[in-house]
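Heads up, the thing below is written out as C-alpha cells.
Chains: A, B, C, D, E, F and G, in written order; residue numbering restarts at 1 for each.
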C-alpha cells in the first residue's frame, strides 16, 4: 500500500515489479469512463456508447463518445475527452494522408498502430504524461467488419467484440456468452446495445445509447437514428 | 487526506485513482470564482456575470467577466482573469483567422474546441500548469443561440443553460427547474440574471450584474445597459 | 501550518485549494513594500510614494518608487525594485512602439494589460518565478485621469483611488472615506499625500513623500517639487 | 528491502552496488511476458511463441509475438508490445537501408547490435526510460541458422537455443538437455514448440503456439501453418 | 530554524514570507567578504578596500578588490571574486560600447542599472544561481563624484558614502557620524581609509588598504600609491 | 551507511568528502565484470580475457570481451558490454580519422585520452550517467608494446602489465611478482593467461580464456587460436 | 552534521551561510590529491609534483601531474586528472590563439583568468558540476618568474611560492619559512623539491618527484632530468 507511492511521482518509469505506474493509473481513469462497445460482423462493424449527459440541460449535440475517423472507420472513446481529441485529430490527419498518398482507404491495423505509436511515445519520454484514454476503433477492412482497441500504454489488440470502460467486465462476459461467428450486422448492433445496457447503471434509453455502424457493402460510417436504436432496446 | 500530497508536486500526472490533481485543483479555483451564467434560446444567447467590484473605489470599467470574442460570440470567465486573458487573446485571433480564411463567422463548437485544445496541452506537458479558468461561450450558430463551456482539463460541453463558479450548484438547480424549450431571448436574459442572483451572496443590483446578449437576428454581441438589467431584476 | 510547504517548492502550481502559492508569496513581499498611492480626478491623475531612504547618507536621486513610462503615464512600484525595472523597461518599449506604429499615445488599459500579460507568463511556466512587484499606473486617457494596478498574478484592475504596499488597508480605508467624485487634481494630490502618510510609520516630510501628477490639460507627467509636496503636508 | 527505493526514482543511474535499477525493473517486466523460444540449426532457424489471446473473442490476427524483420530474419518479443514496435520499426528500416546501400541482406549480428545500440541510449540519457522488451532474433547468416537476443540494457548475445520470458528457466533447462549439434530444422521446430509448452501454464494447442522458420536453403522467413504446428505438438 | 530549509533547494523562489532565500544566502556571503568603502565628494569619488593577502607569500599584484571599469569609473567588490569577474567583464564591455555608440562616457546610473539588470536575471530564472557579490561603483558624473552599489538581488542604490562587507555596520556608523556635505576629495580619501580600518580586524597598513580615486577635474581613475595611503593612515 | 544515499540520486555530483558517487558506483560494476588482463613487452602487447559463456548453449562467437580498434591496437572490456560498444565505436572512428588525416596509425596515448575525454563528459554533465565500463587498451607504439587503461571517471593510466575486473587484486599481485622487464611476447602471453586464471573462479580452458596479441614486428592485431591458448595453459 | 545534506543535492547553490557546497566538496577532493608546488624567482619559475605511481608496474610515462601549456608556461594539477585535461586543452588552445592573434606569448594572468572564468561557469549554471581540480600555473612574464593558482570556484591568486594538495599546510609552512626574495632559480627548484617531500608520506626519490622549470632567460619550459632532481634531493 505504501510502496507504490515511491515510484509514480516523476516521469513514467518502471517499478521494481516492472510495471509502468503512470500507465496503470491512466487505465484506472479509463475504467471509470462511460462504457463503450464494439462488435464486428462479416457484414460490417458496430460501435455503441453510453452518452448520458450530465444534466437535463446538457446539449447532447456537443457530448459525443463516438467519432468518425474516415469514411470507413469510426471510434468510441473511454476516458478523458480532451486527451482523446488529440489522438482523434492525429488519426483523421493520418487517414487523409493515406488517401492522398495511396489513393485508398487506410488499413485499419495500420491506423490503430499509428494511434498506439503516438500513445507509446507519451509513456517513454519525460515531460509528458500518458494519454488518459482507450479507444475502440471499428470499420471495414477488405470485405469484413473489424474491431480494434488502443490503450494508454500504446498497445493495440483486435476483437470480435469487446467492451471498455465502467463495468466492462460484465459487458465482456455478456459478449463472450452471446457473440456468434457469422453474426449479422443487425444482430451485432443489437448485441452492442445490450452490452452497453449491461455496463450502464440504471435504465437506458435511445437518447442515451448511441450507435454507429460501418456496413461492409457501403463501407460508410453511419450513426443510427434514435428510432433505430430504440428498436435494438427491444 | 495525506495521500493526495504525494502526487501533486510535479507536473500534471495521474494519481493512483486515475485523476489529474493539478486539473482538479484548478477546478477548485474556478469554483471559488464569481458566478457566471449562460442561457440559450431559439432567439439567441445570453451571458450574465456577477461583476461586484472589490471596493467602492474600484473602477468597474476595468473589471470585466464578460468579453466579446467575435461579432457573434461572447464569453464569460470564472477563475484567474490573467489566465483567461491568454485564452481570450488566442480565441479572438482564431475568430479573425477564420473570417479571413473562410470569409464566414467561426462555428461555435470549432471555436470552443480550439480553446479546449489549447488548455489540454497545458495538462499533458511538463513545465506549465493548467489554465485556472473555466469559460461560458455563448453566441449564435446558424439561426439559434448556443451555449458551450470549457474547463481547465480542456473538455468542452454544450448546454441549454448552465452556471459556473461560486454556488453554481444552486444556480444550476434553478436553471433546471425554470428553463423551458423555446424560451424567448428576453426570458433567457431574465433567467440568467435570476441565476446569477441565486449564486451571489447578499443582494445584487444592476451595477453588479452584467449581461450580454447575441440575438439570432442581428447575430451581433451587445452588452445590456444598466436599465435593461434593472428590468430583469424585477 | 504544515501543509502549505508541500506545494511551494517547485514551479508555480496549484495547491489543493486552487491557489498559486508562489504568487501569494510574491504578494507577501509586495505587502511589505513601502506604501504607494494613486488617485484619479477628472483633471488628471496623481501618484504618491514613500521614498524614505535607508540611511542619512543614501542619495535620494537614485532611490525612486515613481517612474515615468510615457509622456502621459507614470507608475509607482511596491516590492522588488530589480524586478520592477524589468517590467518598466518593457512598458516603456511598448509605449514607444505604440507611438511609432499608431502615432498616438498608448491607451492606458492596453499598456496595463501588456504588463499583466508579461507577469502572467511568469506564473504559468516552469523555470521562472513570478515578478515580486505590484504597480500603480496613473495617467490620462481621453480627457480624464485614470489609475490602474497590476500584481504578481498578472491581474489588473482600475480604481478611482487606491493604495498598495505596507499598511495599504489603512490607506485604502482613508481613501474610501475621503475620495469624492469630481475631485480636483490639487485635492487628489492632497489626498494621495495624506494616504501615504497614513500608511507610513512615524512622521513624514516632503523629502520622503514623492508625488507625480499627469494633468488632463497638459497630458504630461510632472514630478512635484519639494515645496509643492510640503504644501499638501499641511 | 528499503534501500533500493532510494535509487530508482530518477533517470537510469547506478546503485551503490553498480546496478542500473531501471534496467533491472524492465527485465522484471520481460520475465512476466509470455514465453518465446529460438532454436538454431545448420538447416536454418526457428522462433516459437505462446500467443494465447486474452479472451475467446480476441482476434488472433492482431495479437502477435513473432514479426518478420527482413526476408531472412524474424524476431519474437517478450515484454511491452508497444515498446517492441518502436524497435521493430527501426530494425526493419535498418534492414531496408542495408539492402539499398550494400545490395545484400544485413548481417544478423550487425542488425542485433543496432537494436542493442538503440536500447543502450535509453539507459544512459535522462528524460527517457529503458525499453521494456527483450527480443529473440532468428534467421540465416551465410549458410546456417542463427539465434541472437537483445535485452533492455542493450546487451546482445548469441545462442544455439534459448528461451526468454515467463518460466524461461524451465524452458532453458529443457533446451540444454535436448539440444544437439547438427539438429535438423524440423527437429529444431519440434524442440522450440516443446520449450514453449514447458514454459506455458496449462495445456497448449496449435492455435496458441505460433512458430516461424527461416530455412537455410530458401533464406526466407515463413510462418508455420496450424497443421504444421500441430504435428510438432505430437 | 527548520522551516527555511524547505524553500531553498531549487531555483530562486519565494518563501511564504515573500523572501528570495538564494538571494539572502548570497548576501550572507557578501557580508563575510573583506570590507570595501566608497565616499563621494564634489571634487570626485573614492573607493577603498582591505586587500589583506592570505599569506606572506601571496603576490598582491594578483589579489585585487578594486577594478577600473572605464576611464571615469571604478568598482570595489565584496564576495566571490570569480563571480565578480563576470560582472566586471560585462560592465567594461558596456562602457566601451557606450563610448563607441554615443562618443561619451557612460552615465554612472545607467552603468550600475545594467549590472543590476544582469544580476536580476540570475534571480528569476531556473538553472542558475544569483551572483555572490556586491559592488561599490564610484566615479564622476557631470562635475561631481558619485557612489552607487549593486547587490545579488540586482537592486542598486546611491550613497554619499557607504561600506559593504564584513563589519559594514560599524563602518557605516562611522561614515554617518563623520561624513560632511562639501567634503574635499582628500578628506573623502581619509574618511574611506578610516572606514576600512574600522571594519578590519587587527591593525592595517598601507600595503593592505588599497585606495583609488576619480577626481572631478581629471575624470580619470587613479590608484593611490602606498605613500599616499600611508598619509591617510595618519 | 546511511549518508551516501543522500548524494547519489541526481546527476554526478560531489559528496562532502569530494567523491563522485556515480563514478564510484560504476566502478563497482566494473569490479564485478569478468577479469581482463594486459601485458606489454618490447616485442609487442597482449590482452587476455575470460569469456566464459552464460550457458552451454551460448554461441561464443557473439560473446566477446576483446575487440580490435585499429590494425595495431586492441581493447578488452570489463563492465557493461552495451556501454562499451559506444566507446569502441567512437574509438574505431577516431582511429580511422587519424589515418585519413595524418596517414599514420594513431598514437596509443592520444587514442586512450580520446576515450577518456568522452567518458569524462558523462561525469560532469547532467542528463547522462557515467559509462559503466573500464578498458585495457593494448598495442604497439613506435617499436614497443604498450598497455593503457581507462575507467568510468575518464582517467587513463599506462602499465607494464595490469588486470581489471573480478578478483583483479589477486591478478595484479601475480603480475607484480612475475612481470620482468624485457619479457618476450610469448612469455607475456603466458603471464596474461596465468593472470586471467588467477582471477577466474574454478578451472579455465582454452575455450574460455581468449587472447589477442599485437607483435611489434607485424604491428598487426591477431587473436590466438585455441591451440595457441592451450599451450599457455600449460 | 545533518544540515549540510539539505543543500548539496541539486545544482551548485548557496547554503544559508552563503557557501557553495559543491565547490567546497570539490576542494575536499583537491586536498586529497598528491602534493604540487610552485616557486617563483627573478630568474624564472619552478613547478614540482609528487608523481608516485600506483604500483611497481605502472608506466610513469603516462602518469603526469605537470603539463606544458605554452613555450613559456607550465601547470601542475591536484585533483581529478580527467577534469584537469579539459581545462588544459582549453588553456593550450587559448595560448595558441593568443600567439596567432597578437604574435606574442600570452600574459600569465590573462591565461589564468581564462581558466578561472571557465571554471566559474561550472559553479553558476545547472546541469554541470564544478571542476574537481586546482592548478599551479608557473612561467615567465616579462623578465621574471610567476606562480599563479586556480581552484574549483574559478578564483585565481598569485604567490611567490605555494603548495596545493595533500598536506599543503605543512608544505606552505615550510615555504613561508624558507622562501627569500631574490631567490635563484636553482634555489627555487631545491625549495620546491623540499616542499614536495614535506607534503609526501614516506621517503621520496627522483623517480617520484618531478620538476619542471621555465628560466627567465630562455623563457622555455623544460622538465628536469632525474639526475637534476636527485641533486636537489641532497
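Quick notes
Rule of thumb we're sticking to: a contact is a pair of C-beta atoms (placed from the backbone, for glycine too) under 8 Å apart; a residue touches a chain by one contact, two chains touch by 3 or more.
Being a predicted model, the structure only gives us computed values, none of them experimental.
Among the remaining chains, not one touches chain C and also chain E. A turn of 155° superposes the CA atoms of chain D on those of chain E, with the angle given to the nearest 5. If you average the Cα atoms of chain F and of chain G, the two centres end up 30 Å apart.
If you average the CA atoms of chain A and of chain E, the two centres end up 68 Å from each other.
If each chain is reduced to the centroid of its CA atoms, chain B and chain E end up 55 Å from each other.
Under the contact definition stated at the top, the residues of chain A that touch 2 or more other chains are 9-10, 126-127. Taken as a contact graph, with one node per protein chain and an edge wherever two chains touch, the assembly forms a single closed ring in which every chain touches exactly two others.
Read around the assembly ring beginning with chain E and moving next to chain G, the chains appear as E, G, F, D, A, B, C. For chain C in complex with chain B, the residues that touch the partner chain are 3, 6-7, 9-20, 40, 109, 113, 116-117, 119-120, 123-127, 146-148, 153-162, 172, 175-176, 179.
Chain contact summary for the complex, chain D toward chain A: residues 4-5, 8-10, 21-22, 25-32, 54-59, 61-63, 80-83, 85-86, 89, 122, 126-132.
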